[in-house]
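Two complexes, one shared chain (chain A), two partners (chain B, chain C).
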Partner chain A sequence: MSLVRRLARAREAGILVMLVLFSLVVGLIEPRFLSGETVRIVLLAIPLIMVAAMGEMMVLLARHVDLSIGSILGFSAIAAGMVFRDHPEWPLFIGFAVAILSGAALGFVNGLIVTLFRLPSIIVTLGTLSLYRGLLFILSGSKQIDPNDIPEPIIRMAQTSPFGIPWIVIIAFAVALATWLFLTFTQVGRQIYAIGSNPGAAPLRGIRVVPVTILVFTLSGALAGLAGIIYAARFGYVNPGITGVGFEFTVIAAVVIGGVSINGGIGSVAGTMLGVLFLGAVQVALPILGVSGFWQNAIYGGIILIALVIDRTVRAGGIRGLLARGTA
Partner chain B sequence: MLRNKWMLVAALGASLLTGAAYAADPVKIVYIPKNTGNPYFDSIIKGFEDGCKKLGCEFTTVAPATAEATSQIPFLTAQLQRGVDVVAISPNSPDALNQVFDRARSKGTIILSVNSDMPGNEDHRDAAILPVDFTKTGPSQVELLGSQIGYEGDIAILSATTDAPDQNVWIAAMKDTLEKDPKYAKMKLVTIAYGDDDPQKSTTEAEALLANYPNLRGIISPTTVGVAAAAQVVETAKKADKVKVVGLGTPNQMRRFIENGTVDAFQLWSPYNEGLLAAYFAVGVKNGTIKNEAGTVVEVPELGKVTIGDKSVLKTQADLTTFDKKNIGDFNF
Partner chain C sequence: MSASEQRQGVNQAGRESAAAKPRWKILLVRPESVTFVLLILATIVASHLSPFFADLGFILESSTYYIEFAIVALVLTLVIIAGEIDLSPAAMMALTACIFGTVLKAGAPVPLAMAASLVSGLALGAFNGFFVTVLRLPSIIVTIGTLILYRGLAQVLAGDKSIGSFPSWFVGIDYRMVGIVPVPVIIFVLASIALGLFLGITIYGRQIYQIGTSEMAAIHAGIRVRRIKMGLFLASGLVSSIAGLMTASRLGSVRYDLASGGELTMVLIVMLGGTYIFGGRGSILGTFLATWLLVIIATGMTVANIAINAQLTVMGLLLIVSIVATNWIYARSQR
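This part shows the complex of A and B:
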């Protein structure tokens, strides 16, 4: 157990080193990057990814993957947006409830299909990625939720709160904290790690694999649904063909950069948060550096790959001593 | 003049007669937008629908979920098999559909490129219906921003993708206007950012513009996703009085920002009128009342006269429409 924990710590050390090095290098080229303004921009950019990443992390921990979160986010955002648009007299929390519950329902369906038919989750959620996107077109009649249909208080969530920090940032960190508490202090939370570490042995240890797996997908869906509200708050409108498209790739990249193993069982909330922060910093750094639009995609992808290679090297113990000791 | 009118009446009468003769078989028009769920194209569709209600044509619309180069092909072939007379399409690619178009036209189907043309591939379609005289887009946007910032200060452009053909032509025209017209000599274009028509990326790019250029006075974003993102960023950063946002947007997308004072004015044209003109043109050409050649005048009751230009290009309106606090209430698209 202590070995696993030390490995996990090494992984987080690796990503932390990368985050610091990256910020320093960018700051050296463009000192403006190390300003409070940049911190503000990064903090506004990450809540969307962070909330969904917590769900995706749990799915990966259980040795599954959820490719449908972008479509779930879109579906939930449209559903909540339609409530806001068609029933402006209803209290706002109903929109929240609709987003989270519809996301949970779609995630539940994912988990049900994966466990009931014993299908690989990558294939099931590839299917529901299209299915849910299609359903959201049908639900919305292909009509966008326009900015004046989103209530002012929702949009202000991305701008401020009584504490000075925008609500969406507070929500994101609260979700991370709750996930950490759940994984660390509940039996079910520990069982998720056990299932991912060794799915064959889990039932022998008395773990009910099917309900726990379904729960994990349901949580992932619910968090993608919550991300749908954050999307509406931050961008101020919801478009059926744009909202959440390709979102799964950003989230999975963040989670994997954060040291969560694609093979299940290994990973932590702190690592995932660092992965999200790193990706957010890269996304903000490229335009601040004035990198031309022609180069941005290539550089963005390259940085993700370099991050993964460094992380893998650190984990394999190659230069682990060097990096980990250097920061200890 | 009078004689022209009488000829028109005669032509209308003739078209009514032929219309009566073919009453059982109205002109079948399909419109294929770039993708579904785009409020801009919904407005073009509304124009087609209203036009067809008056003219008695049979109108349908189908669209792919994503605006990829080849995503329209299956929809197009299915409609051709159904036997439509006119295909109006806002092509996702200037040339990916050429072969399908050629086959359809050899069987008598009329192909109209709506909202954007297919540069270099004009031989593969019958005519293009454009929303506005696009050469005015660049200069008109520069003037709109200039008038709001006293024709002085740093400005930036937030565009769509680096290879977006329309935007690149407009941006070239903006640069040209800024360089050559002495009126804009004190406006300095500091950078061009690309938001890829993605809300997330457009937002990050707009935030970087504010961070990188503390003296920025204005942003021009000639794309509906970009201009909304820029407005949202300026509002969130509480810099609406310092940084002016102009661009091309739809009234419903921008209404909130106009009403709360974040944005003073933006521009566009009427996609609705574009659909209307396309419907009148399609039915006229199919029935033989409109000759598809340069110089022919097409008359649409709600619009007035539109003259067919070189390479069978029709421009729905000459100048861009400016939307501000005074008139935005009159528009709903």
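This part shows the complex of A and C:
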């Protein structure tokens, strides 16, 4: 099969076409959308979602869902912010380590509960969503981390780097690259796809489902923790009642738009990146088009449903298969 | 030996093997019994901690916030027993309440605005049901999508302002009393009895259990699975709009973030009542008892001056503990 035909058949192609069409339509209505400035704003808006989306993608690939990443992001951001505030003399990497490790620990707990008791991850993480949010209120004493508590170099990560591109953008793309390498070239990476494709068959093929699943949740937590640092860098504050609230839904929207199947086993880093870009483009396009920002969530919700229907249609082999009678 | 005698023989054999398990043991492994014991324990502990708890009126008054979610949780119990889930009711409460507020602000009389809210509740439920029964998508992810969509539409409708100035007769349903019982509690009790009877003694109720136990078997037994599921999602939409109106009446105004986080409370009540997350088992009695358990725990924490935000920890932990416990009990009783 020629390269062109293979590209045309890939799931990612559809998302790319959607993204290009969307940009063109918005550009036709409001030409200033198609400018370098838009690219810059989109690039600054997406690292936060992209980093967490890589983790959520792996969770979905293994046929699970993690609803708690918004709370994990908030928890890690608060924990790192408190380190920055209370111990300004410590080197910065300790703050990073605190954010990533606390995220990983919370993700590990998710994975442990889900696998140990064989419970649906959506309900477990609905519980931990609330549990972790409560813990972060207790940890922070309901106090915000103020802009002047966050060290200058952290804030500058969202503005510049020696290469001209802000650090957070570089981090986001590095995480995407690492995720791609992990999923494509390591045994465990392939096993994640195997588990999601057929959870019943995976153990018969000698895959140790429990440790791999726990690892996936731990990675998702760790990446949400890293996203917590990016949040602090980009917004310059961390508020226990605001930071990361509803973030899980944005991330799930991005991942599902990116063609990752909610039935596990299907999805790619490239698709997820396109999904994140698409959400970023929508986010930037709304104010340019003069549409109220209040529409954003409704549009995200609508996009998720459309992506679900498309995914279902593709799996059923077209519209006819979708409407055929019988159980699926 | 005739066929009926033979059947009797089988029945007797069945009874003998059942007799090996004493009745108290069967009763003990029912999750509702655990909920009931916890409820009594919580009441005893709480009444030792604070004299407020000796006062039934105080508990009833402080229950009205949870009762709104509990009324929805009754229907959610049926949905979960049927093997589906609906995570969107809290968002439906917000959207239908905002529709009520918008219609009222446009100058319509209250009954018309209420009708608009109830009809839109049915429509939102039908939308969920369409995705689940016609397109056969998993309800768990569909209702995450619609949860964002409905909450987003409420935001579009109401912006970040609250819509208020309702007529005074509409406001304050939680202060209307029958004796010492607030009206919302009466509605909840009546709804519990009605749904409990529906689930327990009608054919539809038994069919809901059948669907949740094995959907494939239910289809082959001639049960109209899709129709029943559609009915459940419609009921979920309708009851959400009723709960939304009750919240609007209690608060005297509506905002897009009305009942935010309510999905956790609703699922928590159902799980705490011992309904099996994978479907096929559960009861309205359990949900009813769990409501009062949650009311006592939450009120207890408030009386003990634990901040609302910190209470989230306990709620999340309770949800996890209750599904783990329910699963464990069912796994044991199956042996």
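We adopt the following convention: the second predicted complex is superposed on the first by the 282 of 328 C-alpha atoms of A that agree within 3 Å, B and C clash if a C-alpha of one lies under 4 Å from a C-alpha of the other, contacts with A are read in each partner's own complex, and residues count from 1 in each chain.
Heads up, the rule we're going with is that contacts are C-beta pairs under 8 Å (C-beta built on N, C-alpha and C of every residue); 3 or more make two chains touch, one makes a residue touch a chain.
Since the structure is predicted, the reported quantities are computational estimates derived from the model, not experimental observations.
Q: So in the superposed three-chain picture, is A:294 touching just chain B, just chain C, both, or none of them (first/second/both/neither)?
A: A:294 sits against chain B and chain C alike.
Q: Of the partners chain B and chain C, which touch A:195 in the superposed model: first, second, both, neither?
A: In the superposition, A:195 touches no partner, neither chain B nor chain C.
Q: Could you tell me if A:241 is touching chain B, chain C, both of them or neither one (first, second, both, neither)?
A: In the superposition, A:241 contacts both chain B and chain C.
Q: Compare chain B and chain C by how many residues of chain A each one touches, and report the one with more.
A: Of chain B and chain C, the partner in contact with more residues of chain A is C.
Q: Kindly classify A:62 by the partners it touches after superposition: chain B alone (first), chain C alone (second), both, or neither?
A: Neither: A:62 stays clear of chain B and chain C.
Q: Which holds for A:227: it touches chain B only (first), chain C only (second), both, or neither?
A: neither
Q: Touching A:133 in the superposition: chain B (first), chain C (second), both, neither?
A: In the superposition, A:133 contacts both chain B and chain C.
Q: Mind working out whether A:73 is in touch with chain B, chain C, both or neither, as first, second, both or neither?
A: After superposition on chain A, A:73 lies in contact with neither partner.
Q: Should A:122 be classified as contacting the first partner (chain B), the second (chain C), both, or neither?
A: In the superposition, A:122 contacts chain C only.
Q: Considering only touches as defined above, state whether A:302 meets chain B (first), chain C (second), both or neither.
A: Touch status of A:302: second partner only.
Q: Pick out the shared contact residues on chain A: the ones touching chain B in one complex and chain C in the other.
A: Overlap of chain B and chain C footprints on chain A: residues 133-134, 137, 142, 240-241, 292, 294, 296.
Q: Along chain C, where are the residues that touch chain A in the complex?
A: By the definition above, chain C touches chain A via 87, 131, 134-138, 140-142, 144-153, 155-156, 159-160, 215-216, 219, 261, 263-264, 267-268, 271, 277-278, 307, 309-317, 319-320, 323-324, 327-328.
Q: Once bound in the complex, which stretches of chain B touch chain A?
A: Spelled out, the residues of chain B in touch with chain A are 35-39, 42, 65-67, 161-162, 191-194, 196-201, 203-205, 207-212, 225, 228-229, 232, 235-236, 252-257, 259.
Q: For chain A, which residues are in contact with chain B within the complex?
A: 32, 35, 37-38, 41, 44-45, 48, 133-134, 137, 140, 142-144, 146-148, 158-159, 234-237, 239-243, 245, 283-284, 287-288, 290, 292-294, 296
Q: In their complex, what parts of chain A are in touch with chain C?
A: My answer: residues 65, 113, 117-120, 122-124, 126-135, 137-138, 142, 240-241, 249, 252-253, 256, 262-263, 292, 294-302, 304-305, 308-309, 312, 322-323, 327-328.
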